[in-house]
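I have a structure I would like to understand better, so I am pasting it below and will then ask my questions one at a time.
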Amino acid sequence: MKKITILIHCKDRSNIIASVTNFIAKKNGNIVYLDQHVDRQQDIFFMRLESEFINDDFSTDTFKACFKKELADKLEMKWRIYSSDKVPKMALFISKYDHCLYDILGRYNSGELNLTIPFIISNHKDLKPIADNFKIPFYHIPVTKDTKIEAEDKQLELLEKHNIDFIVLARYMQIVSPKLINNYPNKIINIHHSFLPAFVGAKPYHSAYKRGVKIIGATSHYVTEELDAGPIIEQDVSRVTHAYTIKDLIAKGRDLEKIVLANAIKLHSERKVMVYNNKTVIFS
Amino acid sequence: MKKITILIHCKDRSNIIASVTNFIAKKNGNIVYLDQHVDRQQDIFFMRLESEFINDDFSTDTFKACFKKELADKLEMKWRIYSSDKVPKMALFISKYDHCLYDILGRYNSGELNLTIPFIISNHKDLKPIADNFKIPFYHIPVTKDTKIEAEDKQLELLEKHNIDFIVLARYMQIVSPKLINNYPNKIINIHHSFLPAFVGAKPYHSAYKRGVKIIGATSHYVTEELDAGPIIEQDVSRVTHAYTIKDLIAKGRDLEKIVLANAIKLHSERKVMVYNNKTVIFS
Amino acid sequence: MKKITILIHCKDRSNIIASVTNFIAKKNGNIVYLDQHVDRQQDIFFMRLESEFINDDFSTDTFKACFKKELADKLEMKWRIYSSDKVPKMALFISKYDHCLYDILGRYNSGELNLTIPFIISNHKDLKPIADNFKIPFYHIPVTKDTKIEAEDKQLELLEKHNIDFIVLARYMQIVSPKLINNYPNKIINIHHSFLPAFVGAKPYHSAYKRGVKIIGATSHYVTEELDAGPIIEQDVSRVTHAYTIKDLIAKGRDLEKIVLANAIKLHSERKVMVYNNKTVIFS
Amino acid sequence: MKKITILIHCKDRSNIIASVTNFIAKKNGNIVYLDQHVDRQQDIFFMRLESEFINDDFSTDTFKACFKKELADKLEMKWRIYSSDKVPKMALFISKYDHCLYDILGRYNSGELNLTIPFIISNHKDLKPIADNFKIPFYHIPVTKDTKIEAEDKQLELLEKHNIDFIVLARYMQIVSPKLINNYPNKIINIHHSFLPAFVGAKPYHSAYKRGVKIIGATSHYVTEELDAGPIIEQDVSRVTHAYTIKDLIAKGRDLEKIVLANAIKLHSERKVMVYNNKTVIFS
């Protein structure tokens, strides 16, 4: 049994669902999941569909070719088709904070995540022992003003060599360059330690403390060239009080950050996220 | 432009979605919403679909007849089809608590609810002035041990006379009889002031206080013959502390109760709830 | 039995709690609640204390005079003392939105709020029937560019005539002038329909929609001269999805707004809020 | 500078706070935190107080003796006094689930927890590699029907040898015996994977699935002889839908379990929990 996931978006028009579901039926697929969304402001149709094919000689490549020719080209669709037997490859970029790293690697080791982590990159050596414990190759690529371009070239080389599908900045603490972003559009996931769009940029817990908010948050989003302004994948919040010091906010925030980032990683790796107009459609 | 909502459930099999969406396409309908769910334990397929029909001579009755003959009977579906121009009629049963009543009537008056309230029934006169303010007919039907059957007959008479679609027990504080329940299966919505299945029955806030829980809840469910055991439509919770007295729990709980009940009313009146196996599928 | 509430803040130093509790003990008071907070960044001590006095001839005025002379002046405290038999007077400012109004008046009528509402002011006549239903005097004071000063003078006249303690802007939709703010410092409560500091100013739900946030919020704060930047009293949030239209966000937000505003009103009227450095200390 | 934490409970009476704060003042202590609670149903007074002492020759033992003689005996208090330089020792009991273990050890390694973990006990060998990675001694003590008493004696021996202060059952999956419970009263913390008192006992996620709840929870509580009925320390919940399979509920629940258990561990190890009448007072 083969299983594929199809993501589609196109200009809204009549009978798209019927056309797609018919196409699947004719190919002897059994639809096990279908969700759709119409953005009425933009007049765009979105769909996510999972289908199973029982015949042994099903070929994802052949299916893709048919899909393109018989359906997608006619309806001017943008589409992606994933075979469930192809597990995505995720690169982890870290710095000195370890809470998201422990959380991700704990989940990874337990088999909770449907992905592989070929390597970890860090601009500091501090967390190498954790990578070692979990037996994940660790590359120390220092980043300074002078070596930034060079460092990034090394990163890109590793990413390409390992055919990385997406990158997770697990509190990486560095602004990534347009070059990297353009190579991995909507494929670099960041965790920002505030409830965006509040407290963009550095030291959001300090700003939250100063403003006296009663709730703090964390936001996972795709990285775009504008800082902390990319499409939001997932957010969560926690209640705080006047009694919280900045240190308390940071500690409470760590739990938010790791859960929010883990959820974003799961949504992305299970191909449940579509991006359009700097926003996400999440089919979960 | 006519708009209809279709709710379907049946044994899961291949190509149901394709069959239904094709049928709609052939009738010149444009699907504007589709969601589906498969209960793999029970092997049941559920679908909710909204479709628009532009032709002036579209008749919901004709459509229903075709749907039954050409599709539903063949696939052994259980189905309901609603025309969006038919607004559901809701009867309110109340007692002495006014918070849910104020909340519902405030929303009703603001046009937030897509339904009509032909009348309010209460076993006490206390809240009649509120009904009067909102200009809703109020029937005082006292319920005592001796008059219970008689009272219920009066209730049923009113319900039938007004073609009531569903009943909301807005803290009615009386156990309704099997006769009423059987006349309105999965059409009587109750609000229970606990996080079910915890604290079934009377005085849940007292039980919550005694148990020392750190979170209280409210649950809206369809009424079945077993007390507080019907299909759950909506739940919500609030954090409390050791400093909350029973009175504080009750006060905090009122806000939960009214929001949860209002949400359940909206989901039901917008035909977003399907019931199967004493559970709900909520397409929202 | 008399009950008083004491709010104190002063520079932090040793033995403040001992000094205050001793003072109460000497006056034969029984402390039934005490909470304190030290802002270590600012080095400020805050305390809220409730005490009961059994003797019949207890006089709040005499107590205040003693407290000032024997304690507060020596420790350079800022303080307020409230007698529990003095119920605060709240003025409601409204415009055309009715959800917060219904919610507040429903609670008021049920006896949930420990305050009186001598009158409602609105710049529009639309909601007068609701005020009439609840039998609260309603003053229609239109506000235009040309009549703004005149309108405010009328508002101030009413506020002073009725000895109003605090003002609630229940979606008033007008920017109040510095003159009004200076007359009621930290006594004007606004409800802003976003999770501040995100989406300051007009149309926050439109901005939330555009940004694609996954959680919306509401914030109740004291009004200061800078728009939506005053001390935050209470916030709450709700989860939303890509499927929410702006209209859906507005509807969902209404439930947040009314609960958050009601909580802020309760905290303020029960004298549980202290303001310092544009932030609040909430003793709840 | 020495810092101590005092926990007191006794029958409520006048002037307790004044008596205690005076006592501290006379000993040249500076109170940096004070919170109190009166359970009016039981007429019990609770207090938590942190005080700093600057003098070099401050002795916690001497202070305790004075406190007992001059204050606690007179007011018939139950009390505990902790010196901040004594870090509590926590034993971890685990079985085959690793998510709570990774979470606790990750926090422990990062310095987030103010405690030491002298060893881990498990009835299975599966998670030994994780303990090894974090360099914590791991004792494999199998438990079968026949060896239960023997196994427990080994556990007790280890606990006593290491002067363990409290025990955490991090999904230990075994019912601990009255003997162990009586040796560590209100010192054994369990994490139960439901929103207690709903779904007591085995397989709560299966029960939650069957009941069709819209929210799942996790509860951390002290272990008493009655199963899952001990004093609740912390609870949290997550929203779920009809689309969640039992496997999905379990996965979602893991995140709840680890956060709730971590919070309970922090509250207990920071001496913020008092137990009375099978309930907790949490001073946080």
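We just call them A, B, C and D in the order they show up, numbering each chain from 1.
Definition applied: contacts are C-beta pairs under 8 Å (C-beta built on N, C-alpha and C of every residue); 3 or more make two chains touch, one makes a residue touch a chain.
For clarity, every value in this text was computed on a predicted model and none was experimentally measured.
Looking across A-D, C-D or A-C, the pair that copies the B-C interface, with over half of its contact pairs the same by residue number, is A-D. Between B-D and A-B, more contacting C-beta pairs join the chains of B-D. One finds 42 Å separating the Cα centroids of chain B and chain D.
Between chain A and chain B the centroid-to-centroid distance comes to 37 Å (mean Cα coordinates, whole Å).
Within chain C, not a single residue touches two or more of the remaining chains.
In the complex of the two chains, the chain A residues touching chain B come out as 14-15, 17-18, 21-22, 24-25, 30-36, 38, 239. Every residue of chain B that touches chain C in the complex is listed here, in rising order: 98-99, 102-103, 105-107, 109-110, 112, 133-134, 251, 254-255, 259, 262. Listing the residues of chain D that touch chain B in their complex gives 37, 39-40, 195-199, 211-215, 217, 231-237, 241-243, 245, 278-282.
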